[in-house]
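Heads up: the structure comes next, in structure tokens.
Naming follows writing order (A, B, C and D), and every chain is counted from residue 1.
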Amino acid sequence: MIESLLFYAFASMAIISALLLVNIRNTARALFLLFIVLFAMAGLYLFALADFIAITQILVYVGGVLILLIFAFMLSNKELLNDLQSTSKRFISLPNWQALILALAFLGIMIYSYIGWSQHMPQWIAQSEAKGTIILPTDNNIKALGFKFMTQYVLPFEVISVFLMMALIGAAHLSRKEDKE
Amino acid sequence: MGVLSILIFLPLVATLLILTLPSSAKATYKYIALGFTFLQFGLSLYLYGNFDATLGGIQQLDAYQFVEQLSWIRMDLGAIGKLEIDYLIGVDGISLPLIVLSTLVMLMGVGASWNIDKNPKGYFALLMILNTAVMGIFSALDFFLFYVFYEVMLLPLYFLIGIWGGERREYAAIKFFIYTLLGSVLMLLVIVGLYFSVINPVTGAHTFNMLHMMNPANYVDGSFFAYITNYHEVFGIPARLIGFIVLFFAFAIKVPIVPLHTWLPDAHVEAPTPVSIILAGILLKVGGYGIIRVCYSIFPDIAAYTNWWLALIGVISILYGALNALAQKDLKRMIAYSSVSHMGFVLLGIASLTAEGLSGAMFQMVSHGFLSAALFFLVGVLYDRVHDRYIYNFRGLASLMPKYTAYVAIAFFASLGLPGFSAFIGEAFVIIGAFNAESMSTGVPRWMAIGGSIGILLSAAYFLWTLQRMFFGQTRLKGGQAWQEALTDLNIREQVILFPALALALLLGIMPSLVFGNLNASVLQLIELIKP
Amino acid sequence: MNTFLHISPITASILVMLFPLLAFIIQAVLGKKSISGNIALIGIIASAVISLFGVFLPGWNSTSVLQKWEWFTIGEHTLYVGILVNNLTALMQLVVCIIALPVHIYSRAYMKGDSGIHRYWMYLSLFCFAMLGLTVSLNLLQLYIFWELVGFASYLLIGFWFTKETAVQANKKAFLINRIGDIGFLIGIALVYAHCGTLDLSTLFDQTSSTPLIDKNTPWATFAGLAFFLGAMAKSAQFPLHVWLPDAMEGPTSVSSLIHAATMVAAGVFLLCTVFPLFNETVLLVIVLIGTLTALSAALFALGQYDIKKILAFSTISQLGFMMVGVGIGAWDAAMFHLTTHAFFKCLLFLCAGAVIHEMAHLKAKAQLEFDPQDLRHIGGLRRFMPKTFGCMVIASLSLAGFPFTSGYLSKDSIVITAYEWASHLGGVYVLIPVLLIIVSILTAFYIGRLIFKVFFGSFKYRSYIKTGMTFHEAPNAMLIPMLFLAAGSLFPLFGLSLTNYHHTWIMQALDVDTVYPTLTQAHLFIPALLTGGAILGWLLGWNWYVKNKYPLSENNSFVHFANKQGYLNEFNDRIFVKGSIKLSRILYAFDRHVVDGLTNLFSWFVRQLSVVVYWFDKHVIDGLVNLFAHATYYIGHLVRHVQNGQLQAYLGFALTIVVLGILYLIIK
Amino acid sequence: MITLTHFLVVSACIFSIGLYAVLAKRNTIMILVGIELMINAAILNFVAFGKYDKINYGGQVFALFAIVLAAAAVAVGLAIILNVYRHFKTINPENIHELKD
């Protein structure tokens, strides 16, 4: 019961914060709201029995991405701030309602299909439920994951590592000053 | 190339000459125009002198004189037959007086153009084209050729009024153009109808030859305009009647008759003096000539059938025009309306279908030709001096301009039909012919003749009233001293132009045989044609 | 016998015509020259001499001669111009010459010093030419031409002082009213031509041929007769077309005397005499009625006039009425006789009046007074100053009144007596005609008496000026001699030695017309007695009224006003005919401008509107379709172009929209 | 009981919000934020589904991969944004339409 309450609490926190995030004008605040959203999402991962993912989320996102965003934002000059302030004086501008409709359409479609699924789950889920091959709260996820990375997913793991490095190098390259030129 | 062709195309040479000369030589244009029209006048006198008055003409080609016939367009149109258009010109008693008149009026017109400053090159070139067209109309015997000249005539006039005219010249020019074009377009329809109804008896091809159209034997049986075996009807009206009415309509616009006359006052008022002269002197005659040459000769049966109505229109035109002239305050407009009235006599005379009436009508046309030319010229003299024509703005001009007044008085009295002047002979014989019509049982009742004679009274009324208002009494001018100085008496050039016209009016009034003599055979022939 | 013997009357009458014409042409060519008077005078003297010795004396009472030349051919008929000399034409021509000659002489003095004198002589010569041509014309059309030319010359002469407003009004009126008559004449000519095919007088009224060309009892003959009479009515100033003649007095007095008293106005009578064979009884009756009415009304109007010349004008009209009656009763010989005698005495009356007016005008100019020199009320007692003029005028007046020993006595009696005979032959109400004529005769005596008394008796209003050195004298010789000559002509011996019997005068003997009714001898006695007695009574009354100043009628008498205003005819004409036709013409012009031209303009407006509609259709529908394709293409392009707006979000949005749509499609499917 | 559907609904909401942010925001940083939201929604789905895959642990493994890639994307994205800003003096994507034809 308390589990459900917590889930709803996290879920509502994520959704409300996300809504606030997109509707707030101040980018700095928005970024902090994102912080909350990401925390709430991490909480939700926990309810999906993915503790390692939740921790990674906090580490990478909150600790890395978000800080990066805030720094990038803070580091860009004052004009950028002004520019941001001056834009979008309208609460809902014309493209906004288009975007809103599109977003709602997506939401509708997804909800519609999930409602469809709630009656009969995909076959593989039903199978795994029947076999009992579902992750249980008692399982050691981190160990299992470690095994998987090192065995079954070793190639993707390596590729993604290289990719990550490339991305970071690239980012560093891109964001360097080009005064000399 | 015969004399007649030279007469027709001489002005074209003048046009070319004028167009090729540089603008620096613009002083010579008028001399060129004058020289050529003078030459033309001489040629027309040559025609007059060598004319055999005993030959009738009308529908017999061998009775025409100075005939020139050339194949112009010959085209095999396959199933429709052969297209046969001739360059066929000739002169008979009907056209000869009008040709001589035209050359004379042209001469007057050129004389009156002496002071044209605005683009003389274009002006004289157009004038000479007009001259060619007019000569062509009066001598063409092929309907197609006639039509071509008829259309060519419109264009220069349009520009002459539209460019060299008065304040509302565009309006007047367009009105004139549309009116006349309406007539000629309708005429074209009938021409085509006639073409397909008539066959040249020699070649067997359809023909535009007017003389063939006058002969009942040349009509194809059952064709649209066929004479006897004709059952074609349009809205229940026989086809030949329709054809006649349409052609009459086309020429009646030119004459003009009431109620198709409204282009005339506007055109006259706005046109420059020389164009007014030519318009009144020649172009109105084209209408009368067309009725005689085309309507009456090609549709003699219908002519006999409809003449009551034509005479009625004539009488209405006489009275209506005269009464309107009485109401005018603009001198030129008054004379324009008087033209309507005087041309009504022409129609009445033609419709009477008597030798007297027809001759009278022809005579009236000739007489009105140079008299109206003289009248318009006289108005132009006044207008030249003070740029005003409003009758009430002048008073007592007789003390100021005695010579001018004398000329005006003579022209007025000649126009109102004072015996001894030509208009009298014309009007008197129209009236006599109209009276005679009942004896000849052509269907024109006598009350129309009486109605026409009341027109003579009214013409006296408006001319005398004008004379009294403008010329007699104590001198009083709207423009005051400035006008008094501007209103100089006639100069030599003006007198040289006016004198022959008025002298001719007197000469013809005393010796009408100068016209009647050449006319008579043709008129009798025409009467014969209409009443077989 | 004389030098003219070897000239035929035809040639002579052509010469008679040509001299004034020549004079006219010479003057017209020369223009303003002081000698123009001489030229005109020489012309008329030559004409008069030739007329008398070359035409009249040889031609009188011999068979009529004619000569014609081809004029022109029209249709199947040939018209001829020609000269016809018979008793009638020769007499008329002579009368014109004989009257014109003294008037020319008189004018030299009368018109002296006028600035437009050369025009005067020119016009006068033109008039003489036309009038003389009129008399001897053979062809009706030729006659008509001269007839109108006479009117034209009269127009010019009435309006001779063209700066005078009344004069130019009068000449216009004269010409227009004459025009009405001319139209009648022309219609008559046209009818005759239509039925007989010729206008040759000698052919038309050939007395010798057994079958006359004209059957005068046909309706058209009645109509033609009335038409000719209309012509004569206007020219001879018959009621109600007489209104121009009093106004025509605006011209110089010499002109009035020649044209508007003696010759031109008589041309109507002459015309009727010429075409007399055409008239049937209906027409003749109309002529009698109109003639009587004219004689009566004009005599009444004359009573109320104050202007000397207007009195004389009405007197002329009245006398012309007599002549018309003469024609109407069939006694056109009597009419011609009266015409002749009337020409003399009426011309004389005018010349005398002219002399008086001349002197009065001089006085007015010298004394710088402001009055109308023609007004009776300003004149009086002149017999002491102008005894010779007075004498002449008395003779003329007696003649006009029909006093014995004068020519007027003979001629007037001839008409009245014949009228009586005619009436008693017909009986009934026709008797009214001679009775009325007798009354008119007495009235004539009275009004001419009034004129004489007022002018020559009583006291002169401006006597005081004469005492102060202004001269007022007898007319100069140049004026007196013609007057004396005419005075002699107004007495009976010129026309026949018989004092009483007009049948014995040479004119009546020569022209003698056979009347259908018998001669009544007793009428020859009592009617002259009645006329003379009545005239004397009238004079006595007039003497009492005007000389002794016992005038019984008040100024405001409505009858006097009626007479003075000429029966309000002018006002009536002005209101009905002049205003009416001007109004009609205005209405018609408005109609022309607004309705006829309006229709044209409406039509053009309609066409223009139609073109606008068609253009709209073309632009919006036809071209619209084309444009629609273009626009649709463009719009689609534009729409698609928005997709390519370079904005990431938009691209994304579109992509996602498509995705959504795709999914929706899958779901629905 | 928290079922799969609960997770899916929450993830759908977050995804839509992220989508909205991506489409509607005038600020490139916020677009990045939106992308992050969408990625998070996807990760949530991964882990929610991953619950039923004990054998391969596919859901959680790929969730980790996704986090890593997201981090990389943000790094590169921010770098690009900064460059763009330098170049265009704005980070409003509406004003950046060099891609336009």
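Going forward, a residue touches a chain if its C-beta (ideal position, glycine included) is under 8 Å from a C-beta of that chain, and two chains touch if they have at least 3 such contacts.
Composition by chain, UniProt nomenclature: A = NADH-quinone oxidoreductase subunit J; B = NADH-quinone oxidoreductase subunit M; C = NADH-quinone oxidoreductase subunit L; D = NADH-quinone oxidoreductase subunit K.
This one's a predicted model, so the numbers in the text were calculated from it and none came from an experiment.
Using the average of C-alpha coordinates as each chain's centre, C ends up farthest from chain D.
Comparing each chain's Cα centroid with the centroid of every protein Cα atom identifies chain B as the most central. Counting C-beta pairs in contact across B-C and across A-C gives the higher total for B-C.
Inter-chain spacing, taken between the CA centroids of chain B and chain C, is 35 Å. Distance between chain centres (mean CA atoms), chain A to chain B: 103 Å. For the pair chain B and chain D, the distance between C-alpha centroids works out to 97 Å. Here the CA centre of chain A is 126 Å from the CA centre of chain C. Residue positions of chain C touching 2 or more other chains, listed in rising order: 649, 653, 656. Residue positions of chain B touching 2 or more other chains: none. Contact of a single residue of chain A with at least two other chains is seen at positions 95, 98-99, 102, 106. If you check each pair of chains against the touch rule, the ones that pass are A-C, A-D, B-C, C-D.
If you check the complex, the residues on chain C that touch chain B are 71-77, 141, 144-149, 152, 159, 162-165, 167-169, 172, 175-176, 179-180, 182-183, 186-187, 189-191, 193-195, 581-582, 584-586, 588-589, 592, 596-597, 599-600, 604. The residues of chain B lying in touch with chain C in their complex are 175, 178-179, 258-259, 261-263, 320, 323-328, 354-356, 359-360, 396, 398-399, 413, 418-420, 424, 428-429, 431-432, 434-436, 438-439, 449-450, 453-454, 456-458, 460-461, 464-465, 467-468, 471-475, 511-513, 516-517, 520, 523-524, 527. Note for the complex: chain D touches chain C at residues 19, 22-25, 31, 93-94, 96-101. Listed in rising order, the residues of chain A touching chain C in the complex are 95, 98-99, 102, 105-106, 109, 112-113. Those residues of chain C that touch chain D in the shared complex are 641, 644-649, 651-653, 656.
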